Each structure stands twice: as C-alpha cells, then as structure tokens.
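Dropping the structures in below, format is structure tokens.
After this come two complexes, each holding subunit A, first together with subunit B and then together with subunit C.
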Partner chain A sequence: MRFIISLALKNLSRYKRRTIITAVAIAVGLMMYIVVDSILLGAEFESMRNLRWYETASARIMHPDYWEDRLMRPLDISIEDPYTIVDSLRKEGIAAAPRTMFSADLILYSEDFGEDGHMPVQVTAVDPELDNSVFRFEDTLIEGRFVESGTNELVIGSWFAEDIGAKVGYWVTLVTRGNGGFYEAMDMQIVGIVNCPNPNVNRTLLMVPIDTIGDYLAMEGAATEINITLPESAKIAEEVARIQQLLDPNGNNLLVVSWDDLARDYVALAEAKRGGTGMILFLVFIIAAVGISNTMLMAIYERIRELGMMRALGMNDRSIQLAFMVEAGGIGLIGSTIGVLLGIAINFYMVNVGIDFGLLMRDMDMGYRIQSSFRGTWNPSTIITAFFFGSILSMLVAWIPTRRALKMDIPSCLRHQ
Partner chain B sequence: MYRSNNMKIRMMAIVMVALVSIATVGAMSAEDIVRQMDALETFDTSYAEGEIVTTDRFGVKTSTFRSWSRGAYDSLIEFTSVAERGQKVLRTEGELYLFYPDAEELIRLQGAALRQSMLGSDISYEDMTGEKDTLSQYDVKLVGNERISGRDCYILEFSAKTRTVAYPMQKVWVDTGTYMVWKGEFSTKAGRLLKEMAVLETMTVDNRTLPKITKISDKMKRDSATEMRLSRLDIDVDLDPVIFTLQNLTW
Partner chain C sequence: MIQVQNVIRNYKTGETVVKALKGVSLDIGDGEFLSIAGPSGSGKTTLLNLIGCIDALDGGEITIEGQPVSGMDKKAKTEFRRNNLGFIFQTYNLIPVLSAFENVSFVLSILNIPEKEIEERTMRILKEVGLEGMENRRPDRLSGGQQQRIAIARALVKNPKIVLADEPTANLDSKTGEEILKLMKEMNRKYHTTFIFSTHDSMVMDYAKRLVLLHDGQIVSDERR
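Presenting the complex of A and B:
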C-alpha cells in the first residue's frame, strides 16, 4: 500500500503540468460553486433582514379587520390607545412603536419642483421618539434631519427624492381622506432625505410625525399599527404567540402578525427564488463536475500505454487501479484545497465588501430588498461539501476509464495512441 | 271720489300682494332651499346616457355610459365606450358593486374603496352614487345672492355635521327660480378649496331645469378637470326591478 501511495505521489510530482492544470480546473469549479452559493444565500439573508429593519419590523399589532382591509389603508379601523399597549410591551422588554399608514395624493408645485404635478403615495406617520427603537433609520439620513413631533415636516426616501427632484426645504401638499372619510390637505416641508438599504423603502418612503397627522385626520390618539422588534435570535412564531397572549387578557381585540406573514408576497417570491437558486447551484455543480471529469479522463487516457507497461512488468490490476485512483484523489485533494482556499478568499471580500449592483437595482425591481451591494455570507456546509465533492468526484471519474483500460489486453494498451 | 278710492284700494292690494310675495321669498330658509335643491335631483326613476370627459396632463379621455336610477339609493351605471365596455357600477342601499366583464369579476366596494377615482376622473364612486339627503349631513347657512350665468342665485354655505362626508365645507350657488345648483366650491375644514363644480349647459326635462354639461375641476391638481355631459335624460320611466340586482350585473 505504501508503494502504491508513493507511486501515486511520484506520478503527481513527475507530471507537474498535468497535475497543475487538472487541479486548477477542479479549483475553479469549486471556487465558483462556493462563491455563487454565498452570493445567493447572502442576498436572501440580507433581503429578509432589510425587510424587518425597514419595512415590517419583527411583528405588527393591528385590528383584526384592518388586516383584512390593509391594502386600502382604512383609518377608521385602528388601535384606539396605542401608547398603553406600547408601554405594557416595553415593560416586558419588547421595543414597540405606533405608526399610522395612509394613502394620499402628493401635490408638487412649480415654485419648488419646476412644474406642477401629483402622484398617489403611501405615507408613514411615525412617532419620532419611538420609531428608531424599532426600525433602523437612524443611520440612513444623508441630508437634513428627521421629523420632529408636532410639526408639518416630512422625510423622503433618496430614490423617491431623485425621481421627483425633491430637495430639503421644498414644500409639498398631501391630500387625503381623514378618519371618517373627509378630505384633508396638509402642507408639509421636506426636512430630511434617507438612503436606506431597502430599495422598496427608498423608492416610496414618505415619513411624517404621527401627532400632526393625528390632528389633521381626526385619529383622536389612535394608530393603525404597532410595530415590534425582536432580537435576531428570537423564535418569531413563539414570540408572536406570547405577545398575543399578553394582549388578549386586557380585552384588546387585536391581532399580532409576524413579519413573514406581513411580507407573505416576498416570502413566496423568496421561496420561488430558492428553487431558481438551487437550479443555478446545480448548473454550477454540473459545470464543475464536467470540468473535473474531462480533465481526469484526459489524464487517464493519455496514460494507457504506461498502464500497459505496468501490467507487462507484473503489477496486478487491483494495485494499478488503486494507484490511479489514489493519484486522481491526490489531484482532487490539491484542486479542492486550492478551490476552497480561493473560495474562502473571494468570499471574505464578498461578505465584507460585496459587488455593487446599485445602478442595476436603481431601475429594476428584482424582488430583493437590497439596494446596491450584494454581499455574500458564510456557509460552512457548502465549503465542506465542495471540498469532499472535488476529491471524491476525481477518484470516481478516474475509476471508470482505468477499469476500461484494464479490460484491454497488454499489447493493445502498449499500442494505444 | 268713488273711483279715486277704488284706485287706492286696488293700489294698496297690489302693494300688499307684492309685499307678501317679497316676504314669502325672503322668508325662504336655507333649509327650504336645500330641500328644493335635493328634490330637483331626486327622481322616482330615471334613465340617462352621456359621457365623462377627463382632462389631465396626459391628455383627454372620453368614456360613455348609460345609467338607470330608482329613488335615492338604487342606481346602475354601465360604461359603453370601447376601453371600458361592459363595466358596471351597481349601487343599492349601503352596497356598491363593480363588474369587470373581461375578468368576469364582481367586486364589492366598501369603506375606503368607495373613495377611489372612477375611471381616473375627478369623480369618485361615492360622488357618482351618493345619497341626496344634504340636510342630514350638513348645517347650512344662506349667505347672500349673486348672478351666475345670467341667473339669480342663492349662495349657501354648508358645514359638515359628521366626519363621514367627503367635503367638510361647501359653498353652492342655487338658482332662485329652478333650484338647480349652478356652481359649487368644495373645501377642507380649514377652508382650502379642493374641487370646483360649474354647470356649463342646462336642459329641461319634465319641467325641471337640470344640468346637461357639468365641469368638475380639481383645484389641487392643475390641468385636471372632468366634464359630465348628458346626451339623454328620461325621468319617471318604467324600469324593470331586475336592473338593480346582482344577477343583472353579471349578465
């Protein structure tokens, strides 16, 4: 056995060029597999995180009827006394903040924007003191400041601001229907622009103070929803059930909905994408497998004469087969090691820096909640799988042609071109 | 002498009649005017054909329609223009349904959905099919008189009693003779003008003077206006009760 291993290692060092070329083919295939898996998994992970951080929070409390009609943003189906609930949740160590969502017509004036215009928008009324304890907008401000309570101030998403040519200091009017159905028109001054990593929010965000909106729209202290943030490690379903139990004994007819139910459309899309991701990885796997197989087959076939010589000198078939497989396994090991190291090196960059698809994401909606840089993530199981896959596949693809060559008679092997 | 007395009596009688007439007109309260105004716009049954011309910054769009109404609550509008052919809006008491023939889909609108614009116009579904009981929804005040389109008009100011009406403040110009509304201004509670309505042309149907062409302008959106043009209006016609049923809507 020692002789066979020694022979295999000698062959590896004797045919350096062949060893290097074959190992590089294996390495490139495995590196691709590791990096593609990292990017796809990273995109999904970051998307879901950005969804929770900027759109849905971890969970949301609302009136059960509001959940049914949520697309119409009805103001009359609301939580009557949101701050009592927020306080009781905070006593339980749960960060919560009320919000009121409503639809409006955004009216733009030529004095500021160069031409008059209007468009339908969704407006988010927030409590400036509490909202940043649930959502993560505090680091996203790129110009101006956040809204203050009791003011006619508005913060806008950076892509939305670019689209309409808005700047800090400009005035707009929001025309909407108040609680009950009456029309109301509110003049608002843009005081800040945020650029958050969630493109959906960046495209549409209009944030105003909840108390100002409450006065205009006759909300009488009510809010349409209370958003809750939970630790990243929390089991959301269990926490949602616990919060529901906390609310129920107090006679609150309220519903707690987890973020994945709130973003059901996105989650369904993500699941569909996961199927696509699996297909992409499978294709990368096939490419790597074909590359490895091809180079190993070439390596074995060009050595059939050598194999015939070994048989002529009296080496038995089993030992020859074993020697060739150990040699192939050695090439696979070298290739896999290089591939995994390259994959880890590139993934290190992908995890920390990523690839900036900002220009692409600006003008198209791929469903991902990622604004610019696609970052990778560490997936040890893929790295380990890739390593063993590279080594074992090399041995397997060496086994077939070696076995075929061993079925030939020795003169045929020696005459093989 | 007798002739002179007779003349005096006749003169006094004329003056008395004139004074009584003036006093009667002067005594007409804002509420009475509103009742007359509502009565003018409410029919036992009616059938109308016309078009809605919507103008905005993208251009002009014309949608033609036929409509049937019964009493204050029941109405059916069917669009006949190519783009919307077969779309129907049915209103019965407290209910509003839309039917889209291409999708063969029946949608019940309620709550906030009623406030959506109809075919992109300045008219919402609730505007189109709204109930006409102004006094239950508004306090009204007579604030003066003015001539509009060559007609004497009362100027009435309405302030909403509830939050469930679209326009918290309204100012309307009502014809002193026909009680038709010539002009209306619709505002927020703070008095900010949102929409303006003006009757451009009238028609006489069954001894009533009614709007033939009405223009509604959204004052918040420059270059946005909607004209409702009636080409035919029949009042108190025989209508099959089936018209106002859901079964009819999907046929």
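Presenting the complex of A and C:
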C-alpha cells in the first residue's frame, strides 16, 4: 500500500502539467457548482423572505368564498369584525393586521403629472398602526412619510412613482365601486414613496389608510383579509393549523391560508427553477467528469507498457487498479481543495456584496422577488458534497480506462508504443 | 526443471491464423544459461512469454518445478510469476518516476517483505550490478547500460529460480551489450539462477552455454556448449 501511494504521489508530481490542468478543470467545475448553488439558493431564500415581508405575510385569514374569488377582489365577502380576531391573535402572541384589497381606476391630473390620464390599479388599504407589525414597509420609505389613519393619504412604490412621474405632494383620484356596487371617487395625496425590495410590490404598490377607505366604500368596519406574521423559525403548516383551530370555535367560518399557498405560482416557479438548476449543476459535473476521464484515459494509455511490466512482475490487477485510482483521487483531491477554497472565497463576496441585477430587474420580471442585488448564501452541505464528489468522481472515472487496460493481455501491453 | 511439451501457439490477425509455435518441446535444467535464437518471427519471444506465464498456449503443456503452469488461472499465474520469475525487457521498462532503488525494491514490496530486509537486499544487488552510489538517480539520469543493470537487479533481487530476458542487449551498443551479458553470466554462476534469453545477435549467442535455434515456430537445433 505504501508503494502504491508513493507511486501515485510521484506520478502526480512528475506529470505536473497534466496534474495542474486536470485539477484546474475540477476546481473550476466545483467552484462554479458552489457559487451557482449559493446564488440560486440565496435568490430563492431572499425571494421567499421578500414575499412574506412585503406581499403575503406568513399566513392570511379570509373568508373561504373570498379565497375562491380572490382575483375579483369582492368587497362584499369580507371579515366582519377583523379587530376582534386581531386582538385575540395578539393575545396568543401572534402579530396580525387587517387589510382591504380592491381594484380601482387611478386618475392623474395635468396640474401635477403634466397631462391627464388614468389606469387600472390594485389598492391596498392598511391599518397604519398595525400593518408595520406584520409587514416591513416602514423601513423602505425613501421619501415623505407613511399614511396616517383617517386621512386621504397614499403611499406609492418607487418604480410605480417613476413610471407615472409621481412625487410626494401630488394629488390623484381613485375611482372604484363600493360595498354594494355604488361608484365612489376618492381624492388622495401622495405622502410617501417606498422603495420595496420586492419588485412586484414596487411596481404596483398603492397604499391607503383602511379606516378612510372603509368609510368611502361602506365596509362598516370589515376588512377583506387579516395578515399574520410568524417567526422565521416557525413551522408554518403547524401554526396555520393552530390558528385555524383558534378561529373555528367562534363560528367565524374563516380560512387560514399559508404564504406558500398564497404564492402558489411563485412556489411552482421556484420548484421548476430548482429542476433547471439541478440540470445546470449536473452539466457542470459532466464537463468536469469528461475532463478528468479524458486526462486519466491519456495517462493510462501512455503508461500501458509500464502497466504490462508491473503485471509481468507479479503485481496483481487490484493493486494496479488501486495505484491508478489513488493517482486520480490525488488529482481530484487537489482540484477539489482548490475548487472549494475558490468557491468559498467567491461566495464570501457573493454573500456580503452580491451581484447587482437592478437594471435588469427594473424592466423584466424573472419571477424572483428581488429588486437589485442577488446575494449568495452559505450552504455547507453543498461545499462538503462538492469536495467529496470531486475526489470520488476522479477515482471512479479512472476505474473504467484502467479496467480496460487490464483486460489487454500482457504481451500486448509490453509491445504497446 | 522446465518442461516444454509439444507447445502450440497460434495468433489471429484478421482472418489469417499465424502459427507462431508448431509443437515445440524442450527441457531446461536448473542453472542453465540458455539462449533462444532465431530470425524475426521465428517464435522466440512467444516461447519466452509462454514459459514466463504471460501468454496462453493453444496446445501442449509447460511444467515448471513440477507445476503445470499452462493450466493455471490468471490469479495463480500472477502469484507464480511474483514468487518464481524475473524478467528483463529489451526496453528496460523501468518506472520513470521512481529512483533506481525504488525500481528494484518495489518487486520486494509486493512480496510483503519487511522494510529493513528490502533495503538491505536492494542495496546489495545494486552494488553487485555496479550501481552503487546511483541508487537515488531516476532512469532518465542514467545511460541505457545502467538502466539495463537496474532491470537485471530488479529481476534478481527476489532470488527467482528463473530469469527470462527478451533481447536484453538489443537496445545497447556492442560494448555495453557485452558488459550486460558478462553481468548476467556472473549472476547465473553466482546464484545458480536459470537464465533464458532470446536474441538474434551472434555475439549474444556466443555467450550462451546452450543455444536453441528456432525457425518458423519449430526448434531446428539445440546445442550445448
């Protein structure tokens, strides 16, 4: 065994160029694997976090019929007394806030916007006192202030503001149908602009006080939904079931829906992307494997006579096989070590700085709920897997050509040029 | 000691069957210094390979030390070669990454001999073949003659009963070739090891104590000197 290891190490150091080229191929493959995995995992993690922080919360309570017709935003299917539920949830240590969602026509005036115009929008009516205990918009204000209760104030997403040329202090009118079908027009002043890390929200957000909207739309204290935030470590399914149990005895006939059901489209997209990612990573490995395989094939091919001599002198096939596999494993080990170190170094940058895709994300919806910087994340299992996979794969790909060479008869090996 | 009985070996090249050995029979005694000579294609290397258990015969039988080696399976042949045979090749076939010492000692390593004994035996044989002081040199730092000396040391270090040498001087100039032959003869005399070598060089034939001439796969003369 000592001889086999010594022979392998000597071959590694003697054929320096071959060792370096193959090790570099492995290193690049593994580094790419670590970094790509980190970016994609980081993007997914951040997307899901931004979904919960700005779009869906951890879970949502609503009327079962509203859940069915949610795309229509029906105001008549609502939660009648949302604050009683919010209070009872708060007593259980669960932060909750009511919201009312409705569709409207946004009317812009030439005095402020340079020309008259209108467009369909989705409006979110929030309780200014409670909403920031569930969502995190307060931290995203870049101009002005948040809406106050009982006022005709409006907060807008920065990209939306940019698109329509809105500024703090401008007036707009929201025209919609109230609870019962009557038409209502509400004059609102923009008091704040938020730059939300979730691009979907930043493109469309219009936020108004829920009590003002309740009066205009005859909601009589009702809200269309109650949003709930749960700790990051909470098991969502279990918590949702627990909240559902808290609601049921009161005869509320309400449904609790977890964030991943609310963002079913995104979750499905993320799963599809994960499949695509797996394919990319598989291809990276195939490239590395072909590189190693080719190098080992050449290494074995040029040493067939040496192999024949060893066999003639009585070295058994298993020992010869082991010698070549140790050599290939050595290359794999060098490549894996370099690849993992490089991967960690680049990932350190990716985790702390990331890559700014802001310009791309501004006008393109890639499905990710990330506005600008894609940051990586640390995934120790990927790093460990990459290290062992690189080393073991190298040994495995050496096994096949060695086996083939050992099937040749000894005189043919000795005659080999 | 070695009995070659009516050995037949055929090779297929495409559709053609080449009869390399056509029923060769030969008895070789202990400590012989025997040359198998003949022109190219006469079958001398084939005969050497069959005695060396690195090729399979198509007919006949070879017995070494009473053991019918031709019937052995691959594993048994490997073990037999490891314990009983030494090889010297025309192109030396040394491992380029190993020093002279390591090239010789590795045949003892695979016999699981203790390290201390490996070192003693290797140093002793290297001294005997005239390579004292060169044990740390790699083959590429040695002349052809010196490389063949390493090959002889490698063949003899495990005290084999038989050493098989396929055209051992073919890659050497005549002076160096003669030196190698003298060394082989000396080792034959000193250790009473049987040397069987193939050649088509008349100078090499002159050194043999017994000359077997092959032609077209058959023995045409067997002369003892």
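Quick note on the criterion: the second predicted complex is superposed on the first by the 377 of 417 C-alpha atoms of A that agree within 3 Å, B and C clash if a C-alpha of one lies under 4 Å from a C-alpha of the other, contacts with A are read in each partner's own complex, and residues count from 1 in each chain.
FYI, a contact is a pair of C-beta atoms (placed from the backbone, for glycine too) under 8 Å apart; a residue touches a chain by one contact, two chains touch by 3 or more.
Because the structure is a prediction, the values reported are computed rather than measured.
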Contacts of A:Arg14 with subunit B and subunit C, given as first, second, both or neither: second
First (subunit B), second (subunit C), both or neither touched by A:Arg311: second
First, second, both or neither for A:Glu302, with subunit B first and subunit C second: neither
Subunit B versus subunit C as contact partner of A:Leu414, first or second or both or neither: second
First, second, both or neither for A:Ser319, with subunit B first and subunit C second: second
Which superposed partner A:Glu271 touches (first subunit B, second subunit C, both, neither): neither
First, second, both or neither for A:Arg73, with subunit B first and subunit C second: first
Subunit A-facing residues of subunit B, complex: 57, 111-113, 115, 126, 160, 162-168, 186, 188-190, 192, 194, 220-224
Touch list for subunit A against partner subunit B, complex: 69, 72-76, 103, 105, 107, 116-118, 173, 175, 177-185, 218
Subunit C to subunit A touching residues, read off their complex: 45, 49, 52, 54-56, 75, 78-79, 81-83, 85, 87, 89, 91, 93, 95-98, 102, 106-107, 109-110, 154
For the subunit A and subunit C complex, residues of the former touching the latter: 2-3, 6-7, 10-11, 13-14, 305-306, 308-309, 311-317, 319, 409-411, 414
